[in-house]
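Here subunit A shows up in two complexes: once beside subunit B, once beside subunit C.
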Partner chain A sequence: MASKLYHWLNERLGFDDLYKGLLDRPEPRGTWWNTLGSATLFLFTMQVMTGIFLLMYYTPSPDHAYDSIQYIMNEVAFGWLIRGIHHWSATLMVLLVFLHMLRVFATASYKYPRELTWVIGVFLLLTTLGMGLTGYLLPWNQRSYFATTVATEIAGLVPGIGAFITRTLRGGTDLSALTLSRFFAAHVWMLPALLTVLIGIHLYLIIRHGESEYPTEED
Partner chain B sequence: MDEKFKQRVQSRYQQALQRGERFWPDSIYKDLLVSLGLFLLLIGLATFVGVEPEPRVDPNDTAYVPRPEWYFLFLFEFLKFIPGQLEWVGAIVVPGIGVTVLLLLPFIDRNFYRHYSKRVLALTVMGVIVVDIVMLTIMAFAPAPAPEQSAIKSMQMWAGLIIPAMTLILLYAFSGILKEPASQRKTMITTASIAAIAIIVLAGGSAFTLQRNAPPKEKVAVAGTIPEQIAQGEELYAVNCTECHGADGDVTVIQGVEGLDGKVVTPISSKDVMYTFTDDTLFNIISDGLPELGMVPFGTASGGELSPGEIGAIVTYMRYTWDDRVEVPEAAQGGGIPALAEGEVPSYDVHIAPLTKRYCVSCHRAGKENNNYLMTSYEEMLNTGDNAPNVVAGDANSILLQVIQGHEVEGKTGTINIMPPNGKLLKDEYVDMLIRWVMAGMPQTAEDAAAAATPAP
Partner chain C sequence: MGKKHNVTRRDFVKVMTGVTGVIIGGGIALPAIGYAVDPAIKSGGSGKDAWISLGPVENYPIGEPTPFNFTRTKVNGWEKTASTHGLFVLRKSDTEIKVFSNVCTHLACRVAWHKDKGEYVCPCHDGVFDKDGNVVSGPPPRPLDQYEYKIEDGNLFVRFAGG
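Let's look at the complex of A and B:
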């Protein structure tokens, strides 16, 4: 019965092909350094999951943002754990993305035929930093307020269009409710959507070209 | 890149696959193990380290030292070395170049070889940059040295930036030199070394002198202390609030304001308000307005013109002026409108300007309905207005003096109302001050007033 059901589903969904195409692939001999990419992907998944939980209680308005986080930390069951994981996972994610990049650079894995995998990877790094920057403001505390003031000021140093960029980021001349809602929208929708698409392309390219082998004397 | 090279890369990769492992389960096993380790680490960090608590936002806290997330600290530290006028180079151009190089790396690095021994230059560049970033991050975490320790700071700059940069240039130069025939190498290496040392000494020396002679950074005027905030708040209150709430915050029915005429308002200087509204509440009301009661929002967050700091100053001014539970710091006293001594002649600079600023300019400035009579400067007060002149030296019937004593005057364009328009005349001493000033011929400076006071010989 079970095998009949499996056969029926497999005929329609193609488990076996998926298994052959995605999992049962030959790979060059790897080391623990090769796990940095998948570890980053794992942290991204953690961020999405804990982020969704935080979203249930967080309110993106200057009046309530701080209090809603106090509520998450003190009242919600395991709220402190979810926020703690989200916070530390963000920190580790930046660190791992950076280490992953260094590993790829050191083994020259960005060379033919994997040039585009590297380019997408750099965009992933920038988007991750963007997630860090936008997420930093959301607790609406002293540190986030003043750090974002400085960060948006620095964006204003771009010759010519600097003032426009600062105004667009802040939604006005000063940090305000608008800034908070813009950063919130970027943090929970725009950047995660971008990250998901970029990760998809990155993974597709990795499967297409296979993981790179460690270079030998002859390479 | 020719086809032959590509085929070679592909065939070598196929060989590596032959000697390799399976993605499932070999690689996945390692990945899962690392992920599990990370998961445990995260739970540990969240439980035993947690998230550092931070106070609520206080935009008025100008003493707060902003600090970015740790992974931006190296950039932050790097910017400290950049002189002010070149900040955009450090903040935009350098990171911009960095990101561009990173993005285009596969197309910039045309070296076909992949083994470490054949990529010494690339690996050194990366190594130096990584060491630089790590050093800058560590420096940012170390306590900032006092200004007199700027020599130490410049030493750090040396260690962190100049030496690595010079090493890079040298390495690049040598990699070119090594391709030359052996006979020429020695002289070239010697010349390059001497040149490099000379450049280091020159650059270091000039950097050091520049730093020693650098002018102290200009301080931005931010109302920080309580007296400063009160003074700033008083000025902002006069311009933004007096029109409806009156100079003393005791108006109960708005008069003479277009669209709000006859509206009932709470006297905001009353004990009711002062004792029941916290600073936060006042701040929010000013910032967001009370649309259902006709009060417009003033904060930039809601489309007004006042920054959070300015609203904070107004709240401070209100609190220290009207709340009788608050003690005014000594430095803040003695401001405002000076009292007149017996027989003293007031001058515009000392007496009249603060008086008009508090009671008149909220309406008598450009863009308000005021018969074009502006009172923001001495010249305007004497010369502007549809019925100019409103003050005539020595004339007790001057229009200004009539309206502030409760007499309506027939002007060229219609009846001129009693002023201030909210039904409450100025305090007697202020009316007296204005009368004395006009009768003495409207002296502008304190010297003029003193001269007017002594009878001409």
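Let's look at the complex of A and C:
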């Protein structure tokens, strides 16, 4: 019965082919360093899941942001765990993205025909840092408030349009409720949507080209 | 394929990957479920059923309705709502006590005790109640609500039903 159902579904959905194409593809011999990209993808998945759960209690308003996080940490069952995972895998994700980039650089995996994968990867790095920047403000405590003050001021150092960039990031001249809600919007929708699209292309390119062979002495 | 009890390396890795996945998935999913249903299983604050202490019974003179106010706080998540409730303690004798809510039964304004007239008067629509809480005149549909009370070691308590 189960195998009949399996065949019926497989005939229509074709997950045997999918499995072969995605997971059973031939790869050159690699090392543990080759797993950093997958590890980052795993952390991204964790971030999406824990992030969605944090949204159940978090409130992006200056009046409630801090209190709602205190509530998550001290009152809600496993709130400390969900937020802890979100906090620490955010930190770890930035670290892993950098290590992944260093590995790709060291093994020259960015060369033809994988230049686009590298370029997308650079955007992924920047978007990940953007997630870090916007997420940092959301607890709305002293540290996040002044970290964002400094960060948006640094953005203002761009010649000519600097002041405009700062105002755009802050939603006005001051760090305010508008800053919090636009950083929130960026953190939970704009950047994640962008990240998802970029990850999709990145993965497609990896499956299309396969993993690169490590360079040999002749190279 | 080997003998019956032999497991190929490939199958072993597949099974172990699955097992690890289930452990990690369960390790996240179970706390996440607890996290999601948490507010449904606990209620916070003092805004629930409780006995409110009104102090020694002797503080309330016999024959004269005496007002008493108390505040209850309801906690929903990080949001606190304080509400003030008022009542009148009427000691008719050493043993007989009535505790009236000061909420008018018409549209929930607060009634006041008018000593000169010996009546409770509601300022909103001229509802008038006598000393025992019965409607004298005006729109109120029923007598003033009464609190359930008890006396323990000479102290008076009323039962706050929540809300």
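The rule we apply is simple: the second predicted complex is superposed on the first by the 219 of 219 C-alpha atoms of A that agree within 3 Å, B and C clash if a C-alpha of one lies under 4 Å from a C-alpha of the other, contacts with A are read in each partner's own complex, and residues count from 1 in each chain.
Rule of thumb we're sticking to: contacts are C-beta pairs under 8 Å (C-beta built on N, C-alpha and C of every residue); 3 or more make two chains touch, one makes a residue touch a chain.
Small disclaimer: the values here were computed from a predicted structure and weren't measured.
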| item | value |
| --- | --- |
| Contacts of A:33 with subunit B and subunit C, given as first, second, both or neither | neither |
| Subunit B versus subunit C as contact partner of A:176, first or second or both or neither | first |
| Subunit B versus subunit C as contact partner of A:115, first or second or both or neither | first |
| More subunit A residues in contact [subunit B versus subunit C] | B |
| Which of subunit B and subunit C A:215 touches, first, second, both or neither | first |
| Which superposed partner A:71 touches (first subunit B, second subunit C, both, neither) | second |
| First (subunit B), second (subunit C), both or neither touched by A:81 | both |
| First (subunit B), second (subunit C), both or neither touched by A:102 | first |
| Which of subunit B and subunit C A:53 touches, first, second, both or neither | second |
| Shared subunit A surface residues [contacts with subunit B and with subunit C] | 46, 81, 85 |
| Interfacial residue positions of subunit B with respect to subunit A in the complex | 1, 5-6, 9, 12-13, 16-24, 26-28, 30-31, 33-35, 38-39, 41-43, 45-47, 49-51, 54-59, 61, 64-72, 79, 87-88, 91-92, 99, 102-103, 105-107, 109, 112-117, 119, 122-123, 126, 130, 284, 299-302, 307-308 |
| Subunit A-facing residues of subunit C, complex | 28, 31-32, 34-36, 38-39, 44, 77-79 |
| Subunit B contact footprint on subunit A (complex, rising order) | 19, 22-30, 32, 34-35, 38-39, 42-43, 46, 62-63, 66, 73, 80-81, 83-85, 87-89, 91-92, 94-95, 98, 102, 105-108, 110-115, 118-119, 122-123, 125-126, 129, 132-133, 136, 139-147, 149-151, 154, 157-159, 162, 172-178, 210-213, 215-219 |
| Subunit C partner contacts - residues on subunit A that touch it in the complex | 46, 49-50, 53, 56-57, 64, 67-68, 70-71, 75-79, 81-82, 85 |
